[in-house]
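The following blocks contain the structures, represented as structure tokens.
You will see chain A twice below: alongside chain B first, and alongside chain C after that.
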Partner chain A sequence: MSFEIIKQSLPMFQQGFILTLYLSLIGIVGSAIVGIICSLVQYFKIPVLDKVLQVYIEISRNTPLLIQLFFLYYAFPAMGIKMSAQLCGIIGLIFLGGSYMAAGFSGGFNGVSKKQVESGKAIGLNRWQLARYVVFPQGFALSIPALAANIIFLIKETSIFTVIAIPELTNTALDLIGLYYNSNEYLFVLVVAYAIILIPLSIILTLLERRVRYGTFGN
Partner chain B sequence: MAHSGINVLFEGTNLTRLLLGMWTTFKIAAVAIIIGLIIGVILGILRTFHNPILRFILRIYLEFFRIVPTVVLLFLFYYILPRQMNLHMPGTQVATLVFALWVAAEMSDIVRGALISVPIHQKESGLAIGLNRFQLYRYVLVPQAVQLELPATINLVTRVIKTTSLLMLISVMDVVNIGQQIVEANNQKYPTGVFWIYGLIFLLYFLIDYPLSWWAGRLEKKRLEQANGE
Partner chain C sequence: MANEVLKVEHLEKYYQKKHVLHDINFSISKGEVITLLGPSGSGKSTLIRCLNGLEDFRNGEITFENKKVIPNEKNWQQLRQKIGMVFQSYDLFPNLTVLDNILLGPTKVQKRNVDEVKQEVDELLEKVDLLDYKNVYPRQLSGGQKQRIAIVRALALHPEFMLFDEVTASLDPEMVRGVLNIIQDLADEDDMTMIIVTHEMNFAQQIADRVLFLKDGSILEDTPGKEFFKNPATDQAKEFLQSMNF
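Right, the complex of A and B next:
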């Protein structure tokens, strides 16, 4: 392992690092928005739309991101729809993440105890009030662990972007290995780079989980 | 357009080759899952013991496999093993090893989580009637934990199957790799063939994973109903 090689590669890794963070951030925010919409539609059981979204969720959850990306990047142009690699990556990540986030939120809403819902009904809350004052506040708190896991999952999933040549972290490392064949050094930097993003994040998210656990009723 | 894209599937042995590729993928996933689940259960049980050193080591193992993306794990083993340890393995074996270790890590956490959520009075009752530690795990904790952990385990299996799509990155002749070759070979003749090839691969993955996640979802729902109905 040569320190010199590592030092020389750092500027390139820095660019990859920033791109990974940037794409992850857009992907996570986009996924969260799609997820909230899906889970609300399913919670209020809006006719037709909830069935359509259920189909989307099943497709998205049961197929690999890599194939979704290949579809967007290679198959769509054959049908006349051309997009840049980065746009494909973002769309793919949101397509995948949306269903995971939806499952996270729905799991939280469904996890609110029956007693809470029945008590709400008993004091005469209507459907909207029940959702607004009873189910959502507790449901969001309950869904935090799943959302935290999704955030980490989506960041790791950006490593698959390398297959459509988006120069994020993994792609940077593979490119460098292809050029100079110093696989030990570049893989080491790659692992460290992911650790720098994910270890602090997973600690913060664990702390957050602990905090919101006290936010649920009765603890 | 002289040829319709879908015909690319029926050209020569294309369809058979794709299905054979899927079979390769499936075999790697199956072997890795079986080995991984066995190791994972053992590690999970070990993680409930009160040995701080053992727990620390297993925790580090879990966190490493959690933090590092699977793509990177594959490359780590693919590049490092031959060069550092002089261990030359074909891509299929590297993939099986990586997936097995990954499944073992995730499974150890599922098993530990299930074991510690078996109500404490079950454990104490077991000890009270004079079971030793082995008997306690064998007859009280593990059977109850299995029921708790089954949905999570099935979900893990679907994740592994999805992740096998990455095998092409370490040059395993899996379904995606073969698909790519067919696309390249037939691009002139069938410009829209790419849509059908990747479409078929998409469908194949869906057909394997959907029944599994449906099953997991049903079990999970049943468990929630039981928990809510008490």
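Right, the complex of A and C next:
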């Protein structure tokens, strides 16, 4: 393995690195927003809308991101909707992540014990107050592990963006390999780059989880 | 009856096909204390849960302060401000401090003035010897302390009527007395109307104006307190008291 080759490739990887972070961030925030909306609709059992969102969730969770991206990138233009590759990537990631986040939040809300709910009802709380003061704060704390797993999952999924030629980390590495055939070096940098993002993040999320569980919040 | 707080007529309750409450009829007057006794599984908890809408029921009628209760969630939500309930497992909200647990009902549901309520809460906490714990979270409290807070939380709504569902059943023995004393004070000093499900026979005997004895979902006896413990009418009640070493 040549250190020189690695060094020369770093500026290009840097661009890919920033793009991966940028797309991940938008994807995660977007997914969280979609997830919260879906889980609220399901929690309050808003008629019609909850059925519609259930269909979305089923499609989103049961099709691969690769296929979702192909669909957005190749099938949509045929129907007259043209989007840049990056926009396709972001939409695809949010489409996928939204349902995972929804499941994470819903799991938390449903995990709040029936006794807590009854005890809230017993002091006269209405449906909204019960949600606002009892179910959501506790449910959110319960959903943190699932949300943390989703965040890591979504960042890793951005590597699939390479199939629609978004120059993020994986695409950068594959491109360089195609150009110069130095697979060892480039793949090494690629692995290190993902590890730099994911390992610290994973540690931070675990600490956060622990803090929420054993902190002032927990039982 | 003029000062009747609650009346239950022909109430029936099923869990799917299982018939758990059979034709329940009784009423309770203002200031009266009823203890609901009976072997486990006899439907005591189910019955008092029906009285504040935590269980639905089939047939039958509940009348509260001379008004028939139309059993939907909206009505129950209003009524629960007047019908306080305390549970076996205390169920304080772990995400809120003791003070916020207690303030939630009066300030958010009843929209009362926060400072006024706070002052009242201080007095209530003082009474149950927990004023120092106002700003701690429930997990920092013992079971007995939690249960005393749960009672204060219910009382802060100024209920007219209290339901106690085996409130000492999950407490360590040394904690039981403190909780029972609070309930006794409610009867003695505030003349609170109460229905109490309990397995503490001494306490039941001491506090009950009336005993309802339940077995297999039916009220077998509705007797003045003293009478029930001295001279139970049915064999089932005799057997029950014996099994409780009473």
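Simple rule for what comes next: the second predicted complex is superposed on the first by the 215 of 219 C-alpha atoms of A that agree within 3 Å, B and C clash if a C-alpha of one lies under 4 Å from a C-alpha of the other, contacts with A are read in each partner's own complex, and residues count from 1 in each chain.
Everything that follows uses one rule, which is that a contact is a pair of C-beta atoms (placed from the backbone, for glycine too) under 8 Å apart; a residue touches a chain by one contact, two chains touch by 3 or more.
Quick caveat: nothing in here was measured; it's all calculated off a predicted structure.
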Which of chain B and chain C A:2 touches, first, second, both or neither: neither
Partner chain(s) touched by A:62 [first = chain B, second = chain C, both, neither]: first
Partner chain in contact with A:70 - chain B first, chain C second, else both or neither: first
Partner chain in contact with A:84 - chain B first, chain C second, else both or neither: neither
Partner chain in contact with A:15 - chain B first, chain C second, else both or neither: neither
Greater residue coverage of chain A in the superposed arrangement, chain B or chain C: B
Touched partner set for A:198, first chain B, second chain C, both or neither: first
Which of chain B and chain C A:184 touches, first, second, both or neither: first
Partner chain(s) touched by A:126 [first = chain B, second = chain C, both, neither]: second
Residue ranges of chain A touching chain C (in the complex, touch as defined): 115-116, 118-127, 129, 133-134, 137-138, 141, 216-219
In the complex with chain B, residue positions of chain A that touch it: 58-59, 61-68, 70-71, 74-75, 78-79, 110-111, 113-114, 152, 156-157, 159-160, 162-163, 170, 173-174, 177, 183-184, 187, 190-191, 194-195, 198-199, 202
Partner chain A, residues of chain B touching it in the complex: 5, 66-72, 75-76, 79-80, 83-84, 158, 162-166, 169, 176, 183, 191-195, 198-199, 201-202, 205-206, 209-210, 213, 224, 228
Chain A-touching residues of chain C, taken from the complex the two chains share: 52-54, 73, 76-78, 80-81, 84-85, 87, 89, 91-96, 104-105, 108-110, 137, 139, 150, 153-154, 157
